[in-house]
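Shared between the two complexes below is chain A, which has chain B as its partner in the first and chain C in the second.
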Partner chain A sequence: MENKIFKLIKKKEILKLLESLTKEYNIFVPIEDNGDARFSEFKSGQDIYWDYRNTKISPKEILFPQAETLFCFGPEAEVKSEEPASGGKGYLIFGIRPCDAKAISLLDKVFGGEDFEDPYYLERRKKTTVISLACNKPQIDCFCTSLNGKPDNEEGADVILFDLGEDILAGAVTKKGEKFIEKQNKWFEDAGQSDVAKKDKIMDLSLKKIKSQIDIQNIKERLDNDFTASFWDEIHQKCLGCGICTYFCPTCHCFDITDEINPKAADSKTPKGKRVRCWDSCMYPLFTLHASGHNPRPTYKERMRQRIMHKFNYCPENYSEIFCVGCGRCVRNCPVNIDLREMLISIESTK
Partner chain B sequence: MSNPYVPMPVTIEKIVIENKVRDIKTFDLRFNDKKDADRFKFNCGQFAEISILGVGESPIGIASSPMDEDFVQFTVKKYPTGTVTSVLHNLCTGDVIGVRGPYGNGFPMKEFEGKNLLIIGGGFALTTLRSLTKYILHKKNRQCFKDITLLYGARGPGELIYRSELDEWDKRDDINIILTVDDRCGLDWKGCVGMVPNVLKEQAPGSKDCIALVCGPFIMVKYTIPPLLDLGFIPEKIFTSLEMRMKCGIGKCGRCNIGSKYVCKDGPVFTYKELQGMPNEY
Partner chain C sequence: MIEKIKETVKKLFKENKIDIFIGYNEGTLPLRSTPCFITKPEDIEKLVWNSYCSNNLAVYLPRFFVPQQGAKDAKLPRIGILAKGCDGRSIVGLIKEHQIPRENIYIIGIHCGGMIDTKKIKKVDIVAAEEKNDKVLVEDEDKRKVELKKEELLADMCKTCQYTAPVVYDILLGKEKQKTSKEDREAFIKEFEKKPLEERWKYFQEQISKCIRCNACRQACPNCYCKECFADQTKPKWIGPTNDISDVMFYQIGRIFHQAGRCVDCGACVRACPMDVDLRVFTYKLIKDVKEFFEYEAGVSLEENPPLATFKQDDKQEFITEP
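Moving on to the complex of A and B:
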């Protein structure tokens, strides 16, 4: 972090700053909710959950909602309105953890892309500013450092914040972030060397707290020839196929498209229905079931293999990136304690 | 930014029931907006998402030739569990549905120019091969290709689709048509009897300077490839087209992949050489 210019702002002031931005942005902040943390739209008087470890549900849903309307149609066969509406308020994702910010940079590769662009995601993404909050207290099952991440990783963020206790240290990462801080300059003061030194110390400590280290530097190459390896027969055995790992995952992006009908749309003005896309999961048997009855991934084995291969082999092939940021959500939330790290280790050791 | 998820409205102009069991129909669709028709420029072997608002979408190979300018055709088999295909089969001429696409790579037609072609189809999978055959037989294109052989098989004579067209082609002297059925089904039948791979072995067409194109039920494709190799076709010269469950058609929704390849945008057309390098998960 050489020559980065840091600014300082009091935590209390941040609430006022955000309050002043509500006209310009839909602001999302981490809040406490029944003992868990989650992202919620910032409202006047809202407090921020500064000490949260990470949110239970990943903030990917801000940019890629669990369900969203692609368009409405009817009463005849015409498409009524085309979302996404461009313009409108910007999005400010405030206080996202660095692993989740990195996940956004991965989703950008999927929904952007050279051949087809996804207008729903990109329209939102274009007007989004990502302000991440470096991790002071990684969790026991965080393993971002195994995936080239770290508590103050900057990928995907426009501005990165550091919690120094009373104060927040802010550094711009992108041009967008620079402009953001410039525009809000009145809230900030210049940071001193001691502030930066304090931040470095906290980050060093935080980095040391990440004990979970797995060696997956060459996982892509290792999986290249492992499609028929014997470990696939083993590692799925406990899996219930509930799909929770994919729903919590900040990089999982598979979706379904379905039509919903409005049964009360009797008059000629009301749309008859809408086409909706919603998250889907490769862990479900219907995901790949053909109308003919044929299913190329008929058992848990093929589906678990797809999940691992997609993240650690296919995406590296197609996007030059491993689609895992080491947030640990799949590990924490699996009802039968399947641990992705253990699977990766067993893949390595079986060979 | 144009929205790839919004279908273009089309009107059903004509419906032809293709087989005796009456579960395969060909739909002639005309774009309601001329601009959409201009936008929908496709290659042989590409597919599109047929959209029925309120029901859903289904990826279907384009059956008409790129040379047909007035309409686009899709031949659709109805499956009892196929929501969209079942509803589509109950529609009438004049009904409006949607189409979005074209998607996928299609056959590399330029690469085939100056070559002999052996076209092998099974059942209703003849659709995109029919698009290709029609394209080649067009008077503007025929001289670009050398000898053309079409080997087409189905379970019984009543299950051969595009019958009248096949009869027309059979009268031509610039295409060799070989028809086969697994079973005569008691019907009057002058063609071959036997499964496609066996008939291929019997007929033993030459592989010199020849491209083989195989589309059919996967089991047929699987058993047709060894005799092709025996005849001297190399894996790079054997093309097939794959099917997968799809939603978006544009490589985002994440379900139609075989290994790192998405059938919707890297396929559906692959050479046998490419298939050999892909995991066996289709």
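Moving on to the complex of A and C:
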């Protein structure tokens, strides 16, 4: 960080820069959508929603879409893998928040880890450049600092940007990011010391705005022996069993695979079916329903326990990382105000 | 008001009339209260009553009476519940559909002045809020305070409430609140009905395409107690799992039509929806149709037969024989 070389670019110039990259990349930027922010493909002449707090739906949907066709099949039709929609172009995820960038680095461990490689995810991921935008205005339910994050956290990003008002300060994080800036050098100018000082001041202020702090340093060890603890009987009680917390979570990655049949296929050469994978949620009873009719997680209690254990115990065990980045989406959107922070505090404080 | 509620609940526990009480606690976010389940009398002090107690608590009742749970002769719990007008109507529906035994439910009815729709104050980033009579005082990050009129923040379904208190209850607390007429409540749907078919269809598609199939609308609805929803069934599979508009539409049409003659317009689905899908325009259309065709309103009487669960010999049948 100390020796980072910063570059400066005008906000207006960024739009031109992105415009010039549309042939090379599928570019995703935050835009305003029904009063909220959402990542969407950058279109010529479109503005970026610079002041967005964070997107409602996390940008994981770019690399891990809610529904994805894996391949098509039919009696005589060739089994055909779906080409990723990029048409050979790269992916540029522009302006995602540091918590969500970190979440991508966590998804990488699942989909591109030592044990399993997910070709569909990796196909996109390998071609992806992540440009994050540091947080100037965290929300009241943001708690990234409790999970080793901060408004200018760099994990998962190739380049990190800072919004200084009129200008954007850019710093490379990875080799890929360095190359990216180098290649686009004509758009940038060297940043002065005052620009960097301005950035530091903004980041200091931003960090101070994150007031929600929970101590969960020992949560993994705590949960090691707590599978049958009594707090599980209580913390699930008001859960409605919807999928909001998991669908909105930038690190939740469970999916379901089904075959969709198209009975209207005109002839035997036309694919009669396709295999699709969709987001699934451990909060749904169907998630673990066996073909026999038995369900090992029959009630809300077991399902809530699974969600917490997966994020705060199993993932630390398997990937040495807590699978929560403190983005606050589950807290913000829960219809009955189940607050993950409160749950973790109650787990930590139960004897 | 809250003191009266606490007093009543304390009495119920003391007289051993209930095992569990379902009410509201203070939430963790401004303008939010959160459902709570009280089994220990000392937790009664934490109960709150304000204009953010918007969740329909009736949704929690059926799960206590699932027949498969526990042994055959397991003692069914006696549940006390705080019920606004709409919650009360949901409870009536559940009793009529034999999901909960009336004798096991102690209904503390409350005259409700309507609940705030926090989505109506999006422009201010609220960090704190306080309710004072008919005003709501909100504070933003820079400690700027803004005073808002509660009346202007009321949720759409609350603005024109016809049933501000439950019709079936064991005790009713509070002062009677002003009700609106059926005509006022229907006004928005009458406007919508006037639009040409293409426009209505387009609106439906627009709204439905926002849906991400998180099932929050279904899960928040007291009427959606099916052990396995048609949308989740795999044998046979009725519906694809994707978020393509055809799958989403099938899900929503199925879900909404299952509410015909049962929906009490509490708004639980609308409030739960994280994508702001305008579900009410569709559910309310069915409410209005059921009222017009069968002169029936859901959740207002324990005796009246639900029209879609009733058969009369002189019922019109042409729609079956000559579609």
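Here is the rule we use: the second predicted complex is superposed on the first by the 340 of 351 C-alpha atoms of A that agree within 3 Å, B and C clash if a C-alpha of one lies under 4 Å from a C-alpha of the other, contacts with A are read in each partner's own complex, and residues count from 1 in each chain.
We take it that a residue touches a chain if its C-beta (ideal position, glycine included) is under 8 Å from a C-beta of that chain, and two chains touch if they have at least 3 such contacts.
It should be emphasised that the depicted structure is a prediction, and the values quoted were computed from it without experimental measurement.
Student: In the overlaid three-chain picture, which partner chain does A:K56 touch, first (chain B) or second (chain C), both, or neither?
Tutor: So A:K56 only meets chain C here.
Student: Touch check for A:N26: first (chain B), second (chain C), both, or neither?
Tutor: Once the two structures are laid over each other on A, A:N26 reaches no partner at all.
Student: Just checking: does A:P119 make contact with chain B only, chain C only, both, or neither of them? Give me first, second, both or neither.
Tutor: In the superposed model, A:P119 contacts chain B only, not chain C.
Student: Touch test for A:E302: chain B only (first), chain C only (second), both, or neither?
Tutor: first
Student: Examine A:F227 and indicate which partner it touches, taking first as chain B and second as chain C; both and neither are also allowed.
Tutor: Only chain B; A:F227 stays clear of chain C.
Student: In the superposed model, which partner reaches more residues of chain A, chain B or chain C?
Tutor: B
Student: In the overlay, answer first, second, both or neither for which of chain B and chain C A:T128 touches.
Tutor: In the superposition, A:T128 touches no partner, neither chain B nor chain C.
Student: Check the residue A:A67 against both partner chains and state whether it touches chain B (first), chain C (second), both, or neither.
Tutor: Touch partner of A:A67: chain C, not chain B.
Student: Please work out whether A:D256 is in contact with chain B alone, chain C alone, both, or neither, and reply first, second, both or neither.
Tutor: Touch status of A:D256: both partners.
Student: Which residues of chain A are in contact with chain B in one complex and with chain C in the other?
Tutor: 256, 258
Student: Enumerate the contact residues on chain A facing chain B in the complex.
Tutor: For chain A paired with chain B, touching residues are 70-71, 73-74, 76-79, 82, 110-111, 113, 115-120, 122-123, 227-228, 253-259, 261, 272-273, 275, 277, 280, 282, 287-294, 296-297, 302, 306, 309-310, 313-314, 317-318.
Student: Which of the residues in chain A come into contact with chain C in the complex?
Tutor: Those in contact with chain C are residues 34-35, 53, 56-57, 66-67, 137, 139-141, 209, 237-238, 240-244, 247-248, 256, 258, 260, 276, 278, 281, 284-286, 300, 331-333, 335-339, 341-342.
Student: Which residues of chain C touch chain A once you look at their complex with the stated criterion?
Tutor: So the residues of chain C in touch with chain A come to 27-30, 32-37, 55, 59-60, 63, 122, 125, 127, 141, 210, 212-216, 218-220, 228, 232, 234, 240-244, 271-272, 274-276.
Student: So in the complex, which bits of chain B are touching chain A?
Tutor: Contacts found on chain B: 1-7, 9, 53-58, 79, 81-82, 85, 95-98, 218, 243-245, 247-248, 250-260, 265, 279-282.
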